[in-house]
Amino acid sequence: MNQTDLTAVLRKYKNGDISENDMINHLRSFSVENLGFAHIDHNRIIRKGFPEVIYCEGKTDKQVKSIAEAILKRSNTLLATRASKKTFEYLNKRIPGLRYFLEARIITTKKAVVSNSKADGQAVVVTAGTSDIPVAEEAAVTMRVYGNKVTSINDVGVAGLHRVLKYLEDFQKARVIIVVAGMEGALASVIGGLVSKPVIAVPTSVGYGASFGGVAALLAMLNSCASGVTVVNIDNGFGAGVAASLILQSD
Amino acid sequence: MNQTDLTAVLRKYKNGDISENDMINHLRSFSVENLGFAHIDHNRIIRKGFPEVIYCEGKTDKQVKSIAEAILKRSNTLLATRASKKTFEYLNKRIPGLRYFLEARIITTKKAVVSNSKADGQAVVVTAGTSDIPVAEEAAVTMRVYGNKVTSINDVGVAGLHRVLKYLEDFQKARVIIVVAGMEGALASVIGGLVSKPVIAVPTSVGYGASFGGVAALLAMLNSCASGVTVVNIDNGFGAGVAASLILQSD
Amino acid sequence: MNQTDLTAVLRKYKNGDISENDMINHLRSFSVENLGFAHIDHNRIIRKGFPEVIYCEGKTDKQVKSIAEAILKRSNTLLATRASKKTFEYLNKRIPGLRYFLEARIITTKKAVVSNSKADGQAVVVTAGTSDIPVAEEAAVTMRVYGNKVTSINDVGVAGLHRVLKYLEDFQKARVIIVVAGMEGALASVIGGLVSKPVIAVPTSVGYGASFGGVAALLAMLNSCASGVTVVNIDNGFGAGVAASLILQSD
Amino acid sequence: MNQTDLTAVLRKYKNGDISENDMINHLRSFSVENLGFAHIDHNRIIRKGFPEVIYCEGKTDKQVKSIAEAILKRSNTLLATRASKKTFEYLNKRIPGLRYFLEARIITTKKAVVSNSKADGQAVVVTAGTSDIPVAEEAAVTMRVYGNKVTSINDVGVAGLHRVLKYLEDFQKARVIIVVAGMEGALASVIGGLVSKPVIAVPTSVGYGASFGGVAALLAMLNSCASGVTVVNIDNGFGAGVAASLILQSD
Amino acid sequence: MNQTDLTAVLRKYKNGDISENDMINHLRSFSVENLGFAHIDHNRIIRKGFPEVIYCEGKTDKQVKSIAEAILKRSNTLLATRASKKTFEYLNKRIPGLRYFLEARIITTKKAVVSNSKADGQAVVVTAGTSDIPVAEEAAVTMRVYGNKVTSINDVGVAGLHRVLKYLEDFQKARVIIVVAGMEGALASVIGGLVSKPVIAVPTSVGYGASFGGVAALLAMLNSCASGVTVVNIDNGFGAGVAASLILQSD
Amino acid sequence: MNQTDLTAVLRKYKNGDISENDMINHLRSFSVENLGFAHIDHNRIIRKGFPEVIYCEGKTDKQVKSIAEAILKRSNTLLATRASKKTFEYLNKRIPGLRYFLEARIITTKKAVVSNSKADGQAVVVTAGTSDIPVAEEAAVTMRVYGNKVTSINDVGVAGLHRVLKYLEDFQKARVIIVVAGMEGALASVIGGLVSKPVIAVPTSVGYGASFGGVAALLAMLNSCASGVTVVNIDNGFGAGVAASLILQSD
Amino acid sequence: MNQTDLTAVLRKYKNGDISENDMINHLRSFSVENLGFAHIDHNRIIRKGFPEVIYCEGKTDKQVKSIAEAILKRSNTLLATRASKKTFEYLNKRIPGLRYFLEARIITTKKAVVSNSKADGQAVVVTAGTSDIPVAEEAAVTMRVYGNKVTSINDVGVAGLHRVLKYLEDFQKARVIIVVAGMEGALASVIGGLVSKPVIAVPTSVGYGASFGGVAALLAMLNSCASGVTVVNIDNGFGAGVAASLILQSD
Amino acid sequence: MNQTDLTAVLRKYKNGDISENDMINHLRSFSVENLGFAHIDHNRIIRKGFPEVIYCEGKTDKQVKSIAEAILKRSNTLLATRASKKTFEYLNKRIPGLRYFLEARIITTKKAVVSNSKADGQAVVVTAGTSDIPVAEEAAVTMRVYGNKVTSINDVGVAGLHRVLKYLEDFQKARVIIVVAGMEGALASVIGGLVSKPVIAVPTSVGYGASFGGVAALLAMLNSCASGVTVVNIDNGFGAGVAASLILQSD
């Protein structure tokens, strides 16, 4: 029940077309619909150009397509994460105007106002190693689709500290930093210690043996001695991108 | 080596008082000292009234006292976390002007500009249950010592959803929300789904059996289907407080 | 040895056709057979139309076929779970009258009195996300084969609380609710807090990283702050369906 | 906002005392209050004599007392679980009419209609060993405070199968069975295989070494080959008692 | 119902004193009692001097006393494991003729035919370190109370291989070997490789850090490259002692 | 250095052909060879017809072939476990006289004195379910190749207790019992409680979700309340077969 | 900025070509470049013929090729680990002068001064079983590419202790020993107890069931009762090879 | 059997006083004694002043005293680790000439040649935080008792990178570095990346929540992206000290 419907019912009640009892019963069910109001900030997000999101893993291509079509009826934009190339090709034949970020495994629309500039440094996404880049790209593309400018810095793991320090100025200029690292995940602590900005750490499943699919990095990041570091799920570039976007737009 | 020292050395070199070789050697060691420059934002933090922090667990009362005295030589303020009442009493006899937050287990100075107002809602710290309050207080007092105003909302776990929803407006007005919950930690997802603000989730060790000392809540929060939720270590109210402070001051 | 056989033996003994010693020996072995009596309620289940069950995973198509044929000699019905399409096709060529539920991966017989109606709401099976549906369907089809009417509600995860609340009336009308959720599994707590009905929670392996194949959801559900929630194994839709059927028929 | 308040507001609106806009704003906040309606079945529980519950662990005696007093203002009854003898003694001096179940660690009121009869067998609570009894008692007393009659059968672990089988008739007569077992937790499977009734399995922390504080029993119960077994948290006798009560009253 | 009772009932039936129906009902309950027959080998154990066993942990002194008295009505002997000195003292004042093995934490009766000789080498109990001795003693005393002769060899961990090899002849003469080791538990593999006798490995909780309370030793023993090694629970000297006794008496 | 070599050297020394010093040096290196003597019981095993064993997993077909050929130079028999059909076919083309047990994944020689009789019941291998049979067959074939007679009993899981009890006499007649079970592994406890014989429990990886690849069954078996149960690694049918053979031949 | 650049800048400053302010700014950025000086020992490594390293897993063939080409511009040598045969073939067609170690999965250059001699025993790499050889080869080839001579001893697991002892002299002559073992990993303790040399233990993922992909061996090695044993990640032959090289060259 | 005994036996044999058969039997048992020869390097250690070691945890004061006295009969020195102050006081009253390092919890003798100098930098022991010092002291005192000079650097965790870099020269001068760190353990990677020396990482149990008693640091160190880092057990300062001593003396 949207606000128009509510107004209509209220007027009917005022006019005596429905009884007080019926009005209360309407409101009871409406108490749920009303929660739609509570999510008005979601509407705000949409107005700001934030897309709704489809998590593609575990969904059939057909399911993804149906959801995408439903979203595109209401919106010019779309954010489909964990989308294989095969899924993109399936959708691309059936829905016009799509765009695919291969490394980030993200599908969006060409109409989505995606910032491509890597120059502006409000947000920095930094990886410890080359293999962490897909997760970092998921974060960066998410942020760009959400309207933010992002600087990507790759392969600056702590084993070569001078590589990290070379970008100190970039880190200090940023308003939020996403650190993407697998193996021992130490980069989050090192960067968290160098700057006094919110650092979102993304452990990745890069590694083998006792990395336990990213658990080593996850635990390291949760135990970071650099305060101000918060953590998202292993390989969750998307979640980090959303959290960073919310921080940038928190005012 | 500070900038004055550097200038002095450079001038000596220019004047031929030290050789090129010596100059290069000076610079080599100086490359470390130079990093002091890199930490200029730490100085900024201090100027903003941010205290240095002592983590008391695993330190003797005597060690805490020595570190506290060293800090108080340079600063009017202090933040000592995980401080037992016994530690506070030990320090209080030896260092004048201290103040203790019993539930938060935090020692600070009376001079620290701690905001006591709970009315302003820029930041909200919310707990699922009564037993989560000490961790939440650690977060809230940390934020207040860092100069922020914090609203505390307690005991609104998801088993009684109406309790959560009653504070919807508080959540929506806030610029950042810290959710503190043990057991199944579902509150982070529910609040993360209701608002589009950065949510920092703090799992607590409240629970028994298969809560595994907070692991159940930690995993739930890391897997939150509400994007925008980031997580800190189990019972790490301090870390959440610092991260939230950095978000509020990120500009 | 069934009761008829027992009576026959007893009469032989009475008539002196077998000695006291032989009678006692008969009874010794019969003490095991007698446990068949103890399972008289299994017979009751069969009379009520409950099928015997084959768990297909880890069995060859040939083994499944042999067991199915043995069951169908005694019964009009059959419930084969975790059956791949390949297994169904193998059986379908060799055993007449079979029926396959693709999403639920269940084979049953056409003669099985499967309730197809989704309208009646004695039992509700609800999922947090689209990817949880196969597990939910395993539960729902199991319940239907067991003669129950089931309402399916899908994709109402807690990140959009209004979606859950929209179905409040359905939840309150139900006599038992099966909640199927992966990731952080918070839906079980939210629904368990909204109604005072038995809630059976099924964690699913939907998720990645620190979901650890469903462990995060499993732990969350076991630690649910909403009392009255019981839990089954990860992805065990069948077990939840049986438990719910037993609850509905417990009188 | 209760129904009386709602009616008052609606009438004001009808009378033109408040504008349509104001009415809608009222309803927005009211959408939360309205959820109180959604919990009307909780009221039903209270009418049926179901007490509200305090989980005492992690609360100070003083906190428990305050909550208990608040509950007793609205209700004749109370259920405080995990209450130490010390807590009971603290409360007993300050609140009249309390009653303590030592083994179950439960405080309730003398006015609570607690069924003491162990004869009626609608529900059975059964333990594998003597050390599991406190958890079983938590379940049994909870059920009795909730108005149910419970039969307790103790120390019938599977290592002596004849002990289990001796009570076969009790199991078959029951409408719901709670199985409480530590160590390898096999009793749940054995009983679940003997009867076609809902079985709620409670793993206990009884054991040592690779029992990992109840994890061995928990996993065994989750993997029970006897379908129809559902599981609660380790040592969660209370949760099992509530779930069994809901099953008995589900109609 | 023992065989005498059964005979009596059968004769009543033959004589027409009870009806066929009543006879069948008798037999139904008797099917359980009959399992007493099935446990006739337990009786054999008792005849061989095997005591019944009380696991004291998690039981009150009073409970232990009641069970002990019940056992001693039927038997001259007793085996109470994990008994603290305090428990022994409680019992010793109330039950005459008890005997306590301090290191093994075992209470038995003075009448129990406990072999004290360490000279005979049918069974060997060997420890890797001094701290493993209490668990080894639990195994050795159990075996002795069960009537076996046991050789104890202590502190021959693999870090000093010559210590192990010195006792090679003892190992080769034994019919069964119990290896008790904490930390990395390598002794089981080394001895298992030296002899072709059944080796029962007992991991102990001796160690720290990544020994995880005996898990490291447990895993090592389960993965022993020396085939013929079987494993019991961490610190379960009693279980190893029983298993070894059964092997010695298996014929 | 074999005994012939040793004798030769000793005689040379006696004859003065080598000095005392050289003799001592010979003996030093020989101290290692001497350990061959220590393994004289291995020779005994070989004399008894025990084959040497190749664990095929992780070895190339070519490596398996080389080791097999080396063994067959010294022996008429062979035991290659975890051998895929592909590996057997590779070997079978290159080495004459081989024989393959498909379900047990074991290669042996046709000359190996493998007992095929299932009638004799000295040892029993029993499975909880059909899917456990391959592991049980690995145990049974191992025992048969080692010269023992084995009775196989399959699919008698505890969910249908009457199935277990039907074979009570078989269990009681056996000198050793191997119990193979996945899921909750309760069968080991039930059988261990019914008989007073050594029971070797083999957890299998049969199951899903919280069975964690056999961990649930492993833990259940380690925590068995039936004393006398020892455990081997998950799916380690071979190890159980060797241990049982050693028990049968321990005298 | 290298030393030449630095000298140039310093001279410009001395000559007044750049101002003091500019000089300080140069030095600030240079503080990072300066850290290159700190890594002068890396240069030493390069001078000694140590190659830079590419970890190929998780990188595309194209990425590996680009990095390899960049390295080969500065160096005659290369060390690419975890390189599949496919990756080697891709590179081999595009970069001249490469060489592949199949078992070690290492690509290096033909110009790399790889010691092939297995005779010199400064370092020993020893495996418990045949399946551990690939990891051992990764260690050995790494050491050889780093200019060391390595003796490889394979398949001397503790189940046949005489095999280990046969090589005692080799172990005692070595300056460092790398022990590679899966399953229960006991070989590290046994060798660590036999010699007083640094032992680097490499757990491998060889095993099944409760080996948990190498965790059992890892824990055993970490808990080794033989002091002086240090451990690297599961299957990390490369890391062990580097550590051993550093030990040999530590002076 | 020592060499004198061996010579005696050989001569008897040469003289015909014992038969060839008897000689061979002597040698068989002697093969074990001979391993004493194999441990000649242990004697070398003793000659170099290396003490034997008592691990005090899990031993009674009386046991520690007995072992200490036995050692001191053969040696001037002693190394007892994990010794509580209480244990030291017990020993100190009964054994003359002892010395206690409180923080390191080590007892040694006053005669032990313990290097007290912190100035010489052959070996560096470095901690991330103040709470890691006891473990570091265990390592440092061990090394000093073993005759090495050690530099201690404390509280240079990565959260303040400039603190680490200040000691770069110390790290580069050292021949071996022990890094002691709890929480996320990142210091090992950072130092391992700065120097090309063997780095031994000691994870400590310092931390809380998801540090899991040192597991987070342990995993981080095992997954270090800086090659050349090896790891010992959590809190195992002694083991690190021994390993570093062996490296320094490996030649």
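When the chains are written out, they are named A, B, C, D, E, F, G and H in that same order, and each has its own residue count from 1.
One rule holds for everything that comes next: a contact is a pair of C-beta atoms (placed from the backbone, for glycine too) under 8 Å apart; a residue touches a chain by one contact, two chains touch by 3 or more.
Only a predicted model underlies this, so the values are computations on that prediction, with no experimental measurement involved.
When the CA atoms of subunit D are superposed on those of subunit E, the rotation angle is 90 degrees to the nearest 5. Of the chain pairs A-B, E-H or C-F, the one whose interface repeats that of G-H, sharing more than half of its contact pairs by residue number, is A-B. Of all residue numbers seen at the subunit F-subunit G contact, under half occur in both copies; the interface is built from largely non-matching residues. With chains reduced to the mean position of their C-alpha atoms, the one farthest from subunit B is F. Centroids of subunit E and subunit F (each the mean of its C-alpha atoms) stand 25 Å apart. Between the CA-based centres of subunit D and subunit H the separation comes to 54 Å, rounded to the whole angstrom. Note: centroid distance subunit A to subunit H, computed from Cα atoms, is 50 Å. Remark: subunit B and subunit H have CA centroids separated by 38 Å (rounded to whole angstrom).
Looking at subunit H, one finds that residues 32, 35, 38-39, 160-161, 165, 168, 194, 209-211, 215, 218, 222-223, 227, 233-234 touch two or more other chains. Pairwise chain contacts present here: A-B, A-C, A-D, A-G, A-H, B-C, B-D, B-G, B-H, C-D, C-E, C-F, D-E, D-F, E-F, E-G, E-H, F-G, F-H, G-H [touch as defined]. The touching residues of subunit F, counted against subunit G in their complex, run 29, 31-33, 35-36, 38-39, 57-59, 63, 67, 203, 205, 213-215, 218, 233-236.
Listing the residues of subunit H that touch subunit B in their complex gives 130-131, 160-162, 165-166, 168-169, 206, 208-211.
The residues of subunit B lying in touch with subunit G in their complex are 3, 6-7, 10-11, 13-14, 20, 23-24, 27-28, 30-31, 34-35, 37-38. On the subunit F side of its complex with subunit E, the touching residues are 35, 38-39, 41-42, 44-45, 53, 165, 168, 172, 175-176, 194-198, 200, 218, 222-223, 227-234, 238-240, 242-243, 245-247, 250-251. Across the complex, subunit B is touched by residues 128-129, 157-161, 183-186, 189-190, 192-194, 207, 209-212, 215-217, 219-227 of subunit C.
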